[in-house]
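When the chains are written out, they are named A, B, C, D, E, F and G in that same order, and each has its own residue count from 1.
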Amino acid sequence: MENTVGYIPFLLLGILLYTSVLTFPSVRSNGFRSRFSPLVPIVSFFYFLFGFDGSVQTTTVWDHSLLPISITFQIDGLSRLFALLITGIGSLIFIYANGYMKGAKYVQRLQCFLLLFMLAMLGVVLSDDLILLFIFWELTSISSFFLIGFKNEDEASRQSALQAITITGMGGLIMLGGFIILGEIAGTYSISSMSSPEIISQITSHGWFVPMLILILVGAFTKSAQFPFHFWLPGAMKAPTPVSAYLHSATMVKAGVYLLARFSPVLGDTPVWNIALISFGGVTMVYAAFQSLFRTDMKSILAYTTVSALGIMVFLLGLQSSDAIAAVSLFILVHALYKASFFMLAGTIDHETGTRDISQLGGLGKVMMPLFAIGILAAWSNGGIPPSVGFLGKDLIYESTLHHPAWAYVFTGLSVGTNIMLFAAGLLVGWLPFRGTRSHPSVTLPHWSLWVPALLLALLGMIFGLFPSIINNGLINPVADAIAGTEQNIHLKLWHGFNTVFYLSLITMGVGFLLYNLIRPGAKLLSFIESAEHWGPKRILHALANEFVGVSSWITMTLQNGKLRIYLLVILGFLVSLLGYVVLSDTNFVIDKEQLTNITIYEGITVGILFISVFLTLFSGSRLAAVAAMGVVGYTLCIIFVFYSAPDLAMTQFTIDTLTVILFVLVLYRLPRFIRLDFSARHILDGIVAISVGALMTVISLEVLQRTPEREISDFYALNAYVMAKGKNVVNVILVDFRGADTMIEIVVLTIAAIGVYSLLKLRLRKNEKME
Amino acid sequence: MRSLFLMNILLTLIWAALTGKFEFSNFVFGFILSYGVLWIITRDTKRASYFTRVPKVIGFLLFFIKELIKANIQVAYDVVTIRNYMKPVIIGVPLDAETELEITLLANFITLTPGTLSLDVSDDKKTLYIHAMYVEDKEAFIESVKNGFERRLLDILR
Amino acid sequence: MIAHIVIWPILLPLITAIVLMFFWNNSRIQRVLSTVGHGLTFISSFWLAMRTFNGDILTLTPGNWPAPFGIIFVADALSGMLVLLASLSAFAVCVFSIVSIGKGRAGFGFFPILQLLLMGLNGSFLAGDIFNLYVWFEVIIISSFVLITLGSEKAQLEGAIKYVTMNLLASVIFLTGIAMLYGLLGSLNLADLSIKISESNDHGLINIAAVLLLVGFGIKSAIFPMYFWLPASYHTPPAAVSAIFGGLLTKVGVYAMIRVFSLLFIEDEFIRNMLIILAVCSMIIGALGAIVQQNMRKIFSFLIISHIGFMIGGLGLFTPLAILGMVFYLFHDIVAKTNAFLISGLIFKLRGSFRLENLGGLYNRYPFLSIMFALALFSLVGTPPLSGFWPKLFLLQASFADLNWWLIGGIVAASFLTLIAVVRIWLAAFWKKHPDYEAAKKRIVWYDLPRYQKIILLVPIAILTGASLFMGLNAAYIADVCELVYTQISQPQTYIDAVLTNQSNIP
Amino acid sequence: MSTNDYLYLVILPILSISVLLVFIRFIIGPGISDRVVALDLLITIGIGIMSIYAIVSDKASFLDIAMIFALIAFLGTIAFSYYLEKRRRDD
Amino acid sequence: MTDFWIITLSTAGALFALLAAVGILRMPDFYMRVSVTTKAATLGVGLILVAAAFAFDHFSVTSRVLAIIIFILLTAPVGAHMIGRAAYFIGVALWNKTKTDDLKGKYDKRTHKLK
Amino acid sequence: MNTIILKTASKYLLPLLLLFSIFVLLRGHYLPGGGFVGGLIAAIAFVLHAFANGLENTQQLMRIHPGFLMPVGLLISAISGMAPMLLNKPFMTGLWKSDPVPVIGSLGSALFFDIGVYLVVIGATLTILFTISETR
Amino acid sequence: MEILLAITIGLLYAAGIFLILRRSMVRLIIGLILLGNGANLLIFLLGRISKGKPPIIPEESKVFLDAYADPIPQALILTAIVISFGLQSYAIILVKRAYRVTKTDDIEELTTTDEI
């Protein structure tokens, strides 16, 4: 089976191609093509079932020296189990979805995103490269966003989708940070290369290990709905049931678990890892199990039990003992089987009766015998009653908590408590609706596609329990190997004899059954439990989010306040402080009078006039006087140009200055007068900024004047102006020849300005042209 | 037609003077250039000949310079001494000048003379309003304008 | 003529603009000729870019005066790529304008000025002389002034007052910097200045020039705290105009900073740290602004500020990876932002509003468009494997390698907030039901358009989305170009040699 | 004392003083029309200064600036007059 | 000889310019300021220009000087007329000792026509 | 403004100033002047005419819209810049006629370039000023 | 004299900045113009000033026989002046048009485009 891994890229590409094929016919036609969609996961399932045996295979498709990514896929036991769950449960979900969505709008769209999602999940579990994994990870977030928001016109759906992508998106980014550190300290982005002992010790002993681990854990926890990020998952139940069944039982939420399992050999069994996983997993499993008990919506109950189950998995991964690893390896499978059945069951009941509220349902067992069977079988497995595979799972869980060196009682107690509640919750979904008086008399057994897939999964749970050897070596043991990073030896047995674990299981069942009988969820309990959630993390995070938006708009409105003066003050203040800093720290000023020329009386008078005119522009109450004074400023500059050998400049400055004044004058009589404002504090502030800039400019220019000027280029011009460029007015030669391109561009500027003036004054839009 | 030609020649000369090159080619170029300029700006106007008027022009200029110096001295005296001797008025002077050129030249020469300033011409072109600084007798002033500048000017122009 | 390839991306828009001005009143001919002109410019830019991607630095000296005496146009890989992308964006915008710009604006110079704006952009990217760069900047700002006010709607004029004032201030500051450089070193040629600065020991004064250019270019590239003009004005002109502005104008400032701070002011710790601080602030402030806005175009405007931070951050780090990321991001962002604004324009055509509360129902009504839009929008976020992802990855790597926690935090936070901003648009415009469809119908022009015009409106978005996908999926190619850019800008000597010794590539 | 010295030390100061005097009128106004006349006179005297400067520095090209000064002074006066007639009464 | 002309002409010119400057400062009303200054300054500047012509003693300079003088002679009175008229129109007050005002009430404020 | 004095003066000033502007343009290569100043003077000439005679009269006199001068000028400049490219020399390389031409001096592409500048400056300045004057 | 000019430059920058911080659009434009003048003078001064030596080659000579003022700053300023003229004309008209449309000359009232 060496070469089978080489087909993985083609498989993924094939799925993508089929997805896009599905996209292209009109979305409104739920045609023909969509009927073949289940074939995609089915084919993939058999590929993973028969193509691999749990041994490690790797293929590199593409690599690049610059991009920190190598498209490398690796499959081992862990990946294979996930791939099988993804494609196997996927196959059944697709069949189920075809029945469930019959006649509905946008079926093809749903299938598209489901397939895309499947592709993404496969990518996550098959990638050997951190970045590649991250890419697929993000794709799961995006595609699940579209799936959760599938009923896009429903406000609640949109909010749930937003919530989901907010949390998983944030988690993903944080995780990427962790990945990058991991890649940097490992010196490679290849996950498989990290598990060599040298690199592991290099990683775990590195100074950034703890921050890196925390970042990665945040990513995994958010995706796997660990407390306190758990609430997006129950919220995501707004999606159509096939979506919930797929995303939230078998696949997406387990991506986080997969990630933890995947990194367990490298990062696991370190203090931070253990403490974090055990505590977060522990809290999640108890809290969510408790929450699930008081719900009336079947999907809501299932959502919370899912969160709780995820908590158990994280908790087990935190324990890191061989027992725990064996337990989590099996529990991943167990949970997928019964939870998918449960979801499909809930969906079918909803589909047929129009409600998922268990307080509204009853007596359905009589007409929906196969569904009742599903309910019983799934609850059986969920409850860990022998001989289901659930029993094996529970067995291993208790085994591992009991053997914890330090906290055995606490952990066992927590596990038992969780399982008691989960047991009761399972009965609420799998048993309660079928018993008692019949609530929906007209309901009959639906089309086979709505129950056969679930029944198949539920039966599998029983078969695997009865014959654990089917899965022991081929499926579960390689998973444990991968998680532990070493050879594991798992022997799944249905019967271990009358040991502590067995008694604990009995207690679980007994108390759980008692609990089931004590609790009948209704409006009262629901409101009680929701008030618990009221002050829970959801509430807090929502409040934080609102607060954040509030603060953001405050910041935005404070900074972007619409006042040009403030904007300019900020910019100029920034300029002044930067310049001031450099001037004070980097330059020492000595003004050498030798270098400077004397002031003659004419220059003095000219500059004096200039000064007075500037003050006139500043403080004159008449606009016209200000404009005229501005003109005088220009004229005096012009005189300065004359004094200092710049006749061309003088001519141009003089002409243009006058034209500007004329322009002002022409425009001015249509403008209002100056706003007269009394002298105020703002004048002082403005004055300080203005004077600072001015003073800095003076100081800086004096400093520059102390340096010897470089005249190399001017000398070149002077030498060549006549000889090569045939002109004697060097300024003009520069303008039309040496630097002619500047002039070319400059007349373009002038042209554009003229067009701008023309259009500003002449263009009157017709009504339909406004806001184009 | 003739006045256009004259104008053309005049401009050609000015061109040559400006460029400072009295070569044949420069005259030709100046001629073509001013021809072009005239072509651009000329609307139909009729002009009298300039030829016979040269001596009168010289005479007029001499008169003008005399007036200029006389008036400047008067003003200068007034400016540099502390006491003000001014007796300003605004006087409407009835015009014999008819064409726009005549009126304009008259008004300008009056303005160029210190102490007097042509403020405006009535819209029917019959009256020239002058601000004058030293007027003892209104009638005498009007008479001096009409017999002085206006008569001499019209002599040249007509 | 082929040897003159460096100048064609400048000359072709100029010639087209001149020709268009002769057809001042014939907007139909203008639309056709302008598109043809942009097409030709794009072809010549493509040609030029391909030649620079070989690693050659092409130069052309207008007037045939050797540098540093004459002006020189220089095309290295960075310039080549930017010219290519500018021409591509301008072409897309021009096609979009064929339909979206009405007779009123077309009859008052829209198309020629669009050409001249492109000329200014290409010129800025190719300028090898700092005063010449200034003049190109002026072409850009005056064309942008005219385009932003073309139509003289109230919001346009209000926004323009701020836009104009701050950009003119930036020009003055830039000019002040040039005065300093010339006064100190007596040269304007960038390569020559580079040599002279490295030989000079006037660190204080040279730093002052650096600060002046930093602020001048900072205003133009809208980095914190100099960005205020951008959100005040970018949402006011027609969508086509916002598109070219959003895609390219701030990038010219960034380009200028890259050029100046890699070639002239190479090793100054103070400036580098300053840049990183400003970058992080821009990222955060821009992103915070984006998540609270209601106007789609204002969201994009604030995102521009935020994403400029990524580039400036890369410039501040100035490690190989950081430069790789910065340049890649620059390339990506040109396409992504142009596209985003074009999409907002198309949504306006479809729904008659830019405001989120007035939009809705696009997803169910126009599923295929929605997919295209989604690709464009998520590439803005940097969702892998779309084009924004790779540069962000490089930048993150670079920041981690440098242990720059501020930058890391900034990049992560800004990316996250960008995601939220884009998802908000998606929820409001695409998923939500239209709040009042009957009332909005009056403002919707889409239905009145003939089929071919609808297609014309879609083509540019498809082109740009395609370009974005190309950059994302073919990241290796872009990364190779970026590496070449890195090699060239990290070794100013190659640039200097190309400018000062290989006088002209004319045979 | 050479002619140049004379021009430089006597004539230019006289003209400069004239400029100052006129500038006082420019400042005190009182009306805008007074300022316009003052400006016109400033430029006219400027032409004189320019001419003297041309003689002193032996650069005839400054006379061309004088020509442009004359042209501009005229234009400015005309423009202001135009404005004064057309404007609203309240400035 | 050249120097003599230069000195004489420039001195006279400068004095006339000074006269204009003093005049504009001393005259009690706007119209008299215009009256005084236009000509004094024109004369003064004209003299200085002639001095320049002597100084350079070159045909191109002389002709340019002539052109400038003609131009000034042409424009100065027109300018004075324009500003004087505008001032009167907007009601710039006459000196209180002004004896007669024939223009009074002759302007139509709306059409700017003069009777 | 309805003053015959100004009207009459402007009639004579216009050709004088236009001539002067061309003079300034042509000698720019040797002495102060050139396309910019020349163009500005020409523009001022027309502006003065417009002040005296009203905008309509001036525009009638010019026959074409001043804005038209901008593309014409740009075209002349661009062509003079691109002509060397036909000889496979870089953009804007100076081309000179070997013998000097009377009056103007050496005849080269730079002169045509300056003429282009001259026209653009006239066109732009007049477009700006005229547009303002005619807009109420 | 350099000191005086340097102070002039400082004054022009300061005045320009003070004016662009005012509320009146007209003052804003005047401020921008003063800033432009300041920058031009700065280029001029930093290019070093020299008296009476215009960079024009004497009539009978092919090269300068004497010292000459640096022509480059002059050419740069010339370009800058013409460009500023274009920009300033545009800005003046913009102000006029903005006043007509928004009915206010008070810049602080122009805040609508910055609202969320």
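One rule holds for everything that comes next: a residue touches a chain if its C-beta (ideal position, glycine included) is under 8 Å from a C-beta of that chain, and two chains touch if they have at least 3 such contacts.
Predicted, not measured: the structure shown is a model, and the values here were computed from it.
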Neighbouring chains shared between chain B and chain D, ordered by label | E, F
Centroid comparison with chain F (C-alpha atoms), farthest chain | A
Consider the two chain pairs F-G and A-F; indicate the one with the greater count of contacting C-beta pairs.
-> A-F
Would you mind pulling out the distance in Å between where the CA atoms of chain A average out and where those of chain G do?
-> 49
Taking each chain's centre as its mean C-alpha position, how far apart are chain D and chain G in Å?
-> 22
Between chain A and chain E, what is the separation of their C-alpha centroids in Å?
-> 79
Distance from chain E to chain D - Cα centre to Cα centre, in angstrom | 11
Set of chain A residues in contact with two or more other chains = 553, 556, 560, 562, 564, 568, 623, 643, 647-648, 651-652, 655-656, 659, 662-663, 666-668, 697, 701, 704-705, 709, 711, 713-714, 717, 728-729, 735, 737, 739-743, 746, 748-758, 760-762
Residue ranges of chain C touching at least 2 other chains are 14, 21, 62-63, 131, 135, 138, 142, 145-146, 149, 152-153, 161-162, 165, 169, 176, 180, 183-184, 188, 231-232, 292-293
Note the residues in chain B that touch 2 or more other chains, in rising order.
-> 14, 18-19, 107-108, 118, 120-121, 123
Among all the chains shown, which pairs meet the touch rule set out at the top?
-> A-C, A-D, A-F, A-G, B-E, B-F, C-F, C-G, D-E, D-F, D-G, E-F, F-G
In the complex of these two chains, what residues of chain G are touching chain D?
-> 51-52, 54, 56
Touch list for chain G against partner chain C, complex = 16, 20, 25, 28, 32, 35-36, 38-39, 42-43, 45-48, 72-73, 76, 79-80, 83, 86-87, 90-91, 94-95, 97-98, 101-102, 107, 110, 112-114, 116
Of chain A, residues touching chain G in the complex = 553, 556-557, 560-565, 568-569, 572, 591, 595-600, 603-604, 607, 610-611, 614-615, 617-618, 623, 626-627, 630, 633-634, 637, 640-641, 643-649, 652-653, 656, 659-660, 663-664, 667-668, 670-672, 674-675, 677, 686-687, 689-691, 693-699, 701-702, 704-705, 709, 711, 713-714, 717-719, 721-723, 728-731, 734-735, 739, 742-743, 746, 749-750, 752-754, 756-757, 760-761
Within their complex, chain F touches chain B through residues 2-5, 7-9, 11, 14-16, 18-20, 22-23, 27, 61-63, 102-103
Of all residues in chain G, those that touch chain F in their complex | 54, 56, 78, 82, 86, 89, 93, 96
